Amino acid sequence: MASSETAQHDAIVADLKNRFGARIIDVDRSFGDCTIVVDKLAIHEVLAHLRNEKAFDLLMDMAGVDCMNLPSFRERFELNYMLYSVPNNVRLRVEVPVAELDMDVPTATDLWRSANWAEREAFEMFGFNFVGHPCLKRLLTHHEFKGHPLRKDYPIMAGQWCSSTSDMSEELNEPR
Amino acid sequence: MPDPRNVDIKDFIPREGEERPRYSAQDFDHDVDPSQDDFNEGLTLPDINTQPMFINIGPTHPATHGTFRVYCRLDGETVEKAGVDIGYLHRGFEKIVEIKQYNQVIPYTDRLNYCSGLTNNVGYCKAVERMMGLEIPPRAIMIRVIIMEIQRIMDHMICCGANIVDIGALTNFWYFFNARERLNDLLEALTGARLTYSYTRVGGLAWDLPQGWRENVKAVIKDIPRAISDVRGLIEKNRIFMDRTRGVGMISREDAINFGWTGPCLRATGADLDLRKVRPYYGYENFDFDVPVGVNGDVYDRVMCRIEEMNESLRIIRQAIDMIPDGPVIVDDKRVVLPPKEKVHTSMEALINHFKLVIDGVQPAPGRIYDAIETPNGELGFYIISDGSGHPYRIKVRPPCFYAMNTLKFLIEGGMVADIVAILGGLNVIAGELDR
Amino acid sequence: MGIKQDLLNPITKDETGIITTRLDEIVRWGRKNSLWPLPFGTACCAIEFMGVVSSDYDISRFGAELVRFSPRQSDVILVAGTINYKLAPVLKRIYDQIAEPKYVISMGACACSGGFYDNYATVQGIEQIIPVDVFIPGCPPRPEAIMDAILKLQERIEKEPVPRRGTPRRHEVVEKLRDNQD
């Protein structure tokens, strides 16, 4: 099973490099995982290709990372998509470097509906702006919270009091 | 604003020359066949002007297990629009683990899905061990499998018990809770704690099994099938239960996968995705067990899937409890494991080793890994980034019920208020995992 | 510290005469033996509370069997679990809605002091929001500890003067507590 997954990873990497060429910045194969680093401008095309042609129909998770304190990084922020293909039983991880001054990222909600809340959380914790998201609002912190808590320059003890519960007019009117 | 034109009694009294509205039995012609009668024919009641009503369920509500809020706009009993508000148990897990060491994160993982704390411990330790390239001893692997299956039974008991209580049947809750207490006694004898166990360490387990634990396990699992079959007999062919749960909260297989569902909720829709079978770990390929898969994807199938999974877990435990090999329970690597206390008090190297491990902690090489296990709720994944120091740089938890809760809005719109409770219970939303 | 002394040694000058003393005793007996809890359960401690209510560690022996989820129908609010800044206004509102006499039990490390979640999201102890009568340490506390807390609350109710609750004197005491904390 493990060897066939490696073979599938090889095939996917070769296919993506063929199609997208220089947009695929890097490939990392440590620990048996396959990670592809993609340029931000091509991310939506790459994800659409992976979903439609390569049958990656389950978006497991999206994780934002603030790379400020790492020894080496491309841009300050990074967005990771964990993909899984149910028919082929293959995992894949896609990384997108995102600069601090330009945090617009195209949304993936038109491809996978699980991206809805995952993107809201990434926005709330790091500040990514997902262009085209139906309802990009805070999810886990309260509506009077200012700042993006998981950034490395947000002090960990800085709690913010909340004075009221939110009225949920935006969530109610979110399109299906 | 309430409508100023209230429906008044004088609207029911017919004016001169008007036919009386037919709203009582004595008005009907007695030679007309009642089954052919359309009650709305010729009705002259004025239109009852209805307004949509907004109802707020939660955050503290007996039916919401955990704190989250469902805000609905109702038209009578039907939910027109709904909004879900979570984050009432957001405790900043991902921020606070950045200042802790790898072994100090283990109690925080306990409190993620607090109904099955050991599974989270194992999932986290498995990810860190894979990142460090550690091979844990076979005894530790087998014990981890057994405690994970015991926790699977306990988690399903809480979920199904609470779900069925919300639908209105209280007895099953007590049957399940009594059985769960007996299983909890086993784990308390093993780990010392009742709910937040923190039994695993990076590299294996904290300590070995106590004396006589295996015999106790065999004795207890003789009685568990009785509780499960009692509850099953009460609900499986029960008219009321089937009416309340069949066809409620239905979702198709493709939609469920698109929404990111995993676990028993996904298997109830017909998708055969169980990480223990599809990507086996810890020797699950050596056990003989099946994975229950549903048909319709409604609440009934989810409850039944969970009850069947409890029986399958019992099968695994029966096989595994006789297969525990001898040996150590933690890996023999001085970068990872504290030396035994006798050596610490007598030998200089062990003393310094102990000191370094406590002060600096376990230090994996820089890298990133995503690893997942099949918890009772679905796939729990840990994405860990290490920068080479003793503190994790970033840990992202992939909670299974986060994606199920994402879907709640779409499952309840168009249904009735009473169905919200049934659907919510079937998704097994644990706030600790949802909000982290 | 003068305020704390007042609460521990209740002033009995409001009670005069034998008949009112006996009446107060009966009222106190009734109050302490029928404490209906409002479980404000958020996290893991709520599961332990469910264990206490179930038949192994029966809490209905102490009269606290009927868990009422409505603030108007309950006497003691049992805050079980972590309270974060998002939930704080909800807790305050529910506490205000409980009818007098009301008591607060803070269960678990997270409710008493924030637990080991010392970060941007968690309130470091519910005493910052509402006054607490009994603290139960533990993470989660054992069911026996919860029963002990109910017993301690009963002892406390036995000693307090009955007219104290719902009278101008009670408002004085609460105002002073609030001023002390500011």
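Worth pointing out:
Letters A, B and C name the chains as they come in the text, with residue numbers starting at 1 for each one.
By definition in this document, contacts are C-beta pairs under 8 Å (C-beta built on N, C-alpha and C of every residue); 3 or more make two chains touch, one makes a residue touch a chain.
Note that the coordinates shown come from a computational prediction; the quantities given were computed from them, not determined experimentally.
Between the chains A-B lie more C-beta contact pairs than between any other two chains.
With respect to chain A, maximal separation of chain centres occurs for C (centres as means of Cα atoms). Chain geometry summary: the mean Cα position of chain A and that of chain B are 25 Å apart. A separation of 31 Å divides the Cα centre of chain B from that of chain C.
Chain centres here are Cα averages; for chain A and chain C they lie 45 Å apart. Touching of two or more other chains is recorded for residues 141-142, 149, 154, 156, 165 of chain A.
Residues of chain B in contact with two or more other chains: 87, 90, 92, 95-96.
The set of chain C residues that touch two or more partner chains comprises 86, 90, 118-122. Those residues of chain A whose C-beta lies close enough to touch chain C in the complex are 141-142, 145, 149, 154-165. Those residues of chain C that touch chain A in the shared complex are 85-86, 88-90, 118-124.
Only residues 1, 30-31, 33, 35, 57-61, 63, 65-66, 69-71, 80, 82, 86, 89, 91, 93, 112-114, 116-118, 125, 138-142, 149-150, 154, 156, 165-166, 168, 170-174, 176 of chain A touch chain B when the two sit together in their complex.
On chain B, the positions that touch chain C within their shared complex are 59-62, 66-67, 87-92, 95-96, 107-108, 111, 114-115, 158, 174, 177-178, 181, 194-196, 431-432. Interface residues of chain C, counted against chain B in their complex, comprise 40-44, 46-48, 50-51, 54-56, 69, 81-82, 84, 86-87, 90, 94, 116-122, 139-140, 142.
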